[in-house]
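Working notes, beginning with the structure itself.
Labels A, B, C, D, E and F are assigned to the chains in the order they are written; within every chain, residues are numbered from 1.
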Amino acid sequence: MQTYKRKRLEIVVEKRRAPAVLELLDREPGITGWTMLPCIGGRGHTGTRLPEGATDALDTVLILVVTSEEIAHRTMPAVLDLLQDYVGVVLMSEVEVARAAHF
Amino acid sequence: MDAALANLLSPPVLCFLLGLLAGIVRSDLEIPEAVARALALYLIFSIGFKGGVELAANGELLALVPLLLAAAGLSLFLPLPAFALLRLFTSVSRVDAGAIAAHYGSVSIVTYVAATSFLQTRGIPYEGFMAAVVAVMETPAILTGLFLARTGETAGLDARRRGELVHEILANGSVVLLLGSFAIGFLTGADGMRRLEPVVASGFQGVLCFFLLDMGLLVARRFAGFAAMGPGLLLFGVSMPLVGATTGMLVALVLDLSLGGTVLLATLAASASYIAVPAAMRLALPRANPSLSLSLALGITFPFNLVLGIPLYAAVAERLVG
Amino acid sequence: MDAALANLLSPPVLCFLLGLLAGIVRSDLEIPEAVARALALYLIFSIGFKGGVELAANGELLALVPLLLAAAGLSLFLPLPAFALLRLFTSVSRVDAGAIAAHYGSVSIVTYVAATSFLQTRGIPYEGFMAAVVAVMETPAILTGLFLARTGETAGLDARRRGELVHEILANGSVVLLLGSFAIGFLTGADGMRRLEPVVASGFQGVLCFFLLDMGLLVARRFAGFAAMGPGLLLFGVSMPLVGATTGMLVALVLDLSLGGTVLLATLAASASYIAVPAAMRLALPRANPSLSLSLALGITFPFNLVLGIPLYAAVAERLVG
Amino acid sequence: MDAALANLLSPPVLCFLLGLLAGIVRSDLEIPEAVARALALYLIFSIGFKGGVELAANGELLALVPLLLAAAGLSLFLPLPAFALLRLFTSVSRVDAGAIAAHYGSVSIVTYVAATSFLQTRGIPYEGFMAAVVAVMETPAILTGLFLARTGETAGLDARRRGELVHEILANGSVVLLLGSFAIGFLTGADGMRRLEPVVASGFQGVLCFFLLDMGLLVARRFAGFAAMGPGLLLFGVSMPLVGATTGMLVALVLDLSLGGTVLLATLAASASYIAVPAAMRLALPRANPSLSLSLALGITFPFNLVLGIPLYAAVAERLVG
Amino acid sequence: MQTYKRKRLEIVVEKRRAPAVLELLDREPGITGWTMLPCIGGRGHTGTRLPEGATDALDTVLILVVTSEEIAHRTMPAVLDLLQDYVGVVLMSEVEVARAAHF
Amino acid sequence: MQTYKRKRLEIVVEKRRAPAVLELLDREPGITGWTMLPCIGGRGHTGTRLPEGATDALDTVLILVVTSEEIAHRTMPAVLDLLQDYVGVVLMSEVEVARAAHF
């Protein structure tokens, strides 16, 4: 099967910051989509987070974006800039897709 | 201390202790998070709605003004002693001290709910409008805490962030729901109550029990972090509520509240937020360690107030007011 | 318009408005999805069960037949004017117009629930078997919508897909639950009601309030998409319910329904589905834009009916029937 | 068999059948998992709490001891015939046979709940402390099942795993909640009941209905796996409950339980666990196939007991005890 | 640590289509397993999806499959074919595993 | 954008075993964080798991860890060892990050 190389960005952010990240993604015309997954915990520089019945202030999500190498390299620093010293990590990796036009 | 024992043996407190025990023995008992959050919304809605209905019945609208102002003042002021205690007796950073102080100026809705349940069981009436006081005390402390955390820093929040923060404070979900349900109760009055009574009144104690069961599980999970926190912080977690309760009681005396109202204001001042303030702190002080403040507010001060504090404040208030 | 004001000031509608307001100010208030869906199931079960119990009590089984046939006819027919309006006054594609038309031929269970609550509050009785009408109107519209979306296309659905679609229509969760609880109510009658009364009856208003709070939040989120939709579509969202209500009321007059029944049939015809039809459209017209139809059905027509439509239909029906 | 028909036509059983039907026609009806689990916790809490309250009222504390011992013995013993039947008439491995046997020695809380609801409807009283019996029967079977699964193996569990297993057994969430709510009911007595009555008592039948609806959906999903299981296993799923019920009834006769108590003990012995034991088996026999035991316990034995078993055991008990 | 190269397929589909995809995977004898994760939103050619309290018709899930390169190249087009014009994306990437026989 | 190579470990385990895995991760000083995501089903050598309203004993989670190649190669066998014959899979793949110090 013929495949095409793309980049995959994964962004872990606090759920309440996610709208800002999604807005940024939606403003970049080359990005055709994203997928958001819930997290049920995490550890990083701001300590350990586990589900709290009392508040969702510490909830995080993982946002997955598949896009071209060029756009990925433009988007990654933009996201990091948006996060500034907020909580979050941004990962980039290789991925292959079959329908080149879709991404 | 008869009241303390009666409190300890009430279903809500026993459910909390059961959750605590289950958590300590690392049981896999678990209340699904989605459900626990819905129960919290239910409790908030119920106290707001009932408060509004009672205000509509008694029309003490004007009497509210000085109380609300005093409550906002309490919330603004209480972070100051909290911050001082933290900086003097513990080694937490300025930023963390500011964040924690904000939690202690604000209030814990569930502690308030438990106090109303305590009063109800003992047949002590209280001003219906106290639910409005809860809403008013939620957020002013955030400003003081933020100011304290940033004193000495040259750069404040940039404009965008300040906007985000103001928005978070005003549009915080629990505040909106509390004020909104208060307004709905006020507008629909006795007729509204007749329609919602089976849900917001009859179901209240049972829901509170389930919610406190979950709180017990969450509190037990916090215990693991205590070893790293040091005795100074732990001591803060039980002494700051006493500072708050004392201050709150004095204000209640000045305002000439009823016995029930005095207990509630003392409890509110003694309690520490773990819903509204953590959310605001994620925006205002994102690099403050949220587990520190949650471990204190949820892991120490909440159980302290629930089990010992509330009957204690009631006993003292009875001497002063009764 | 006294009824309109009374409707506006009822706890369910106020809760909807609170959710709307919270959503508009972008509050982080959020009802967990799992809980919101369970509340929807509860509402469906309750109206089905109560309908079945009442049918068992009154045994009007035969009177049902013409009504059910007429209701199915309404659902089959209403997509036609909807499609015509969309193609004439907006620029949506044929496929999207067909999908939207299917939503408007079908019904919104929550709008129906709100209408029964409106009638109950005003003391207006209605035929118990109306819950069966809801079930019958859910799906026929899907066929018409599909037919309209595909007119002019050479290829229809292939056999596998047609099978999947038929299955989705017949086995749709909300239809199965509604008919099933209706049957359970019918079979267990007064005895069943005695056992379930505290849950399905006493709790109803309270649950409806929480559910409408969530609906308000969802509706507000839809507003963001309105700018892109253009005034033609928005206008469609408030005029199509009037077309539906008028048609529904005429049918009710012909069938000689009671005042309450007339209001309910008008409301059903005026309402647009956002549970059963979106699910079917994902299979039948997967490339139709689901946010378009949901924004219309949920963002415009639902609040219009809830706040203005229901009291309006009631006022008109009172003149015609009362 | 009037009782069987009455049982079949009760709202809880009809809800189960509705879920079953919806699952069989592959409807997309779905109760959110988080909510289903919360409903299970509610049912456990309710029967525990009510049992504790009744024990406090009647103070039959001493009468409990022989019953609890006998119940533990039942749980320890029943895996033996289960294992024998499985090894003789089916081809499952020793490990899987041991795991399944453990499920059948233990009990199904929901089956117990359905049996109490059956008794209540028919006005048959039962010993309040039976809820304690449920807790006691949950876990001993795990030890026997484990022993059977490992006979002939040289290596037992290493020390770390044995510790984990003991912990899992003692701290299993459902056991902790059941015993804890029993204790809370006992400690708070009639006063506690007055406060929680609207939730734990009035709501019980309605919640049971929703929970059984979900059980029906889950059971139907299990049917898919039956083809692969062979007739021997399916037969085991309906014959083992009869072995259990007979044994349980004999023990009840020896202990001189009331008619209601006899039915409940027979039902408990006939039922198979799908909450506590699956959790323990993940630790003790991680490579045992969990779908095998769940398909049997949930897919065959549970519906068998719910629909046929309970009225059958009641009919037999009436002859023996009545 | 000795590792073995495998392919990782990730399939985002509507929850109600997931059973069809899982059936396809279960029919391919070489595939030893899969994992399904919930999504809480996404954007693609059919617009933006966010959680709806009222209906789960728009819910999506992510299905993760680790398998050999050969099977992955056979499965990817089969899944795309199944999806046809339904909603969904299929991604392929490299992954290493330790227990070769497990995948 | 300048990026740095890291390894990404993904561990699928039963939810009740997750605390043991997280403890192991927390004991390794070089690991700066992890993220945990819920799964709603899976298939493997112990059969198919789908959500059960009645029990959460079969629930699984996916734990994501980004760390250096060296630590990843040390951690992967340790996790497999911990899982022994328990249910679970461990995957390793390449990933790029922007803030080298963060991982």
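Here is the rule we go by: a residue touches a chain if its C-beta (ideal position, glycine included) is under 8 Å from a C-beta of that chain, and two chains touch if they have at least 3 such contacts.
Owing to the predicted nature of the structure, the values given are computational and were not obtained by experimental measurement.
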According to the touch definition, list the chains common to the neighbour sets of chain A and chain C.
B, E
Chain of greatest Cα-centre distance to chain C:
F
Chain centres computed over CA atoms; the one at greatest distance from chain B is chain E
Which whole number of Å gives the spacing of the CA centres of chain C and chain F?
45
Please tell me the distance, in whole Å, between the geometric centres of chain C and chain D computed from their C-alpha atoms.
40
Distance in whole angstrom between the CA centres of chain B and chain F is 37
In chain C, residues with contacts to at least two other chains:
28, 30-35, 37, 198, 202-203, 279
Listing for chain A: what residues touch at least two other chains?
16, 37-38, 45, 56, 93-94
Sort out for me which residues of chain A touch chain F in the complex.
12, 37-45, 60, 62, 73-74, 76-77, 80, 89-94
Okay, in this complex, where on chain F does chain D touch?
14, 16, 45-58, 85-87
Spell out the residues on chain A that touch chain E in their complex, using ranges where they run on.
1, 3, 8, 22, 25-26, 32-38, 61, 64, 66, 93-99, 102-103
Touching residues (chain side chain D, partner chain F) in the complex:
31, 33, 36-37, 39-40, 110, 211, 214-215, 217-218, 221, 274-275, 278-279, 281-283, 286-292, 294, 298
State the interface residues of chain C toward chain B in the complex, per the touch definition above.
9-11, 14-15, 18, 21-22, 25-35, 121, 198, 202-203, 205-207, 209-210
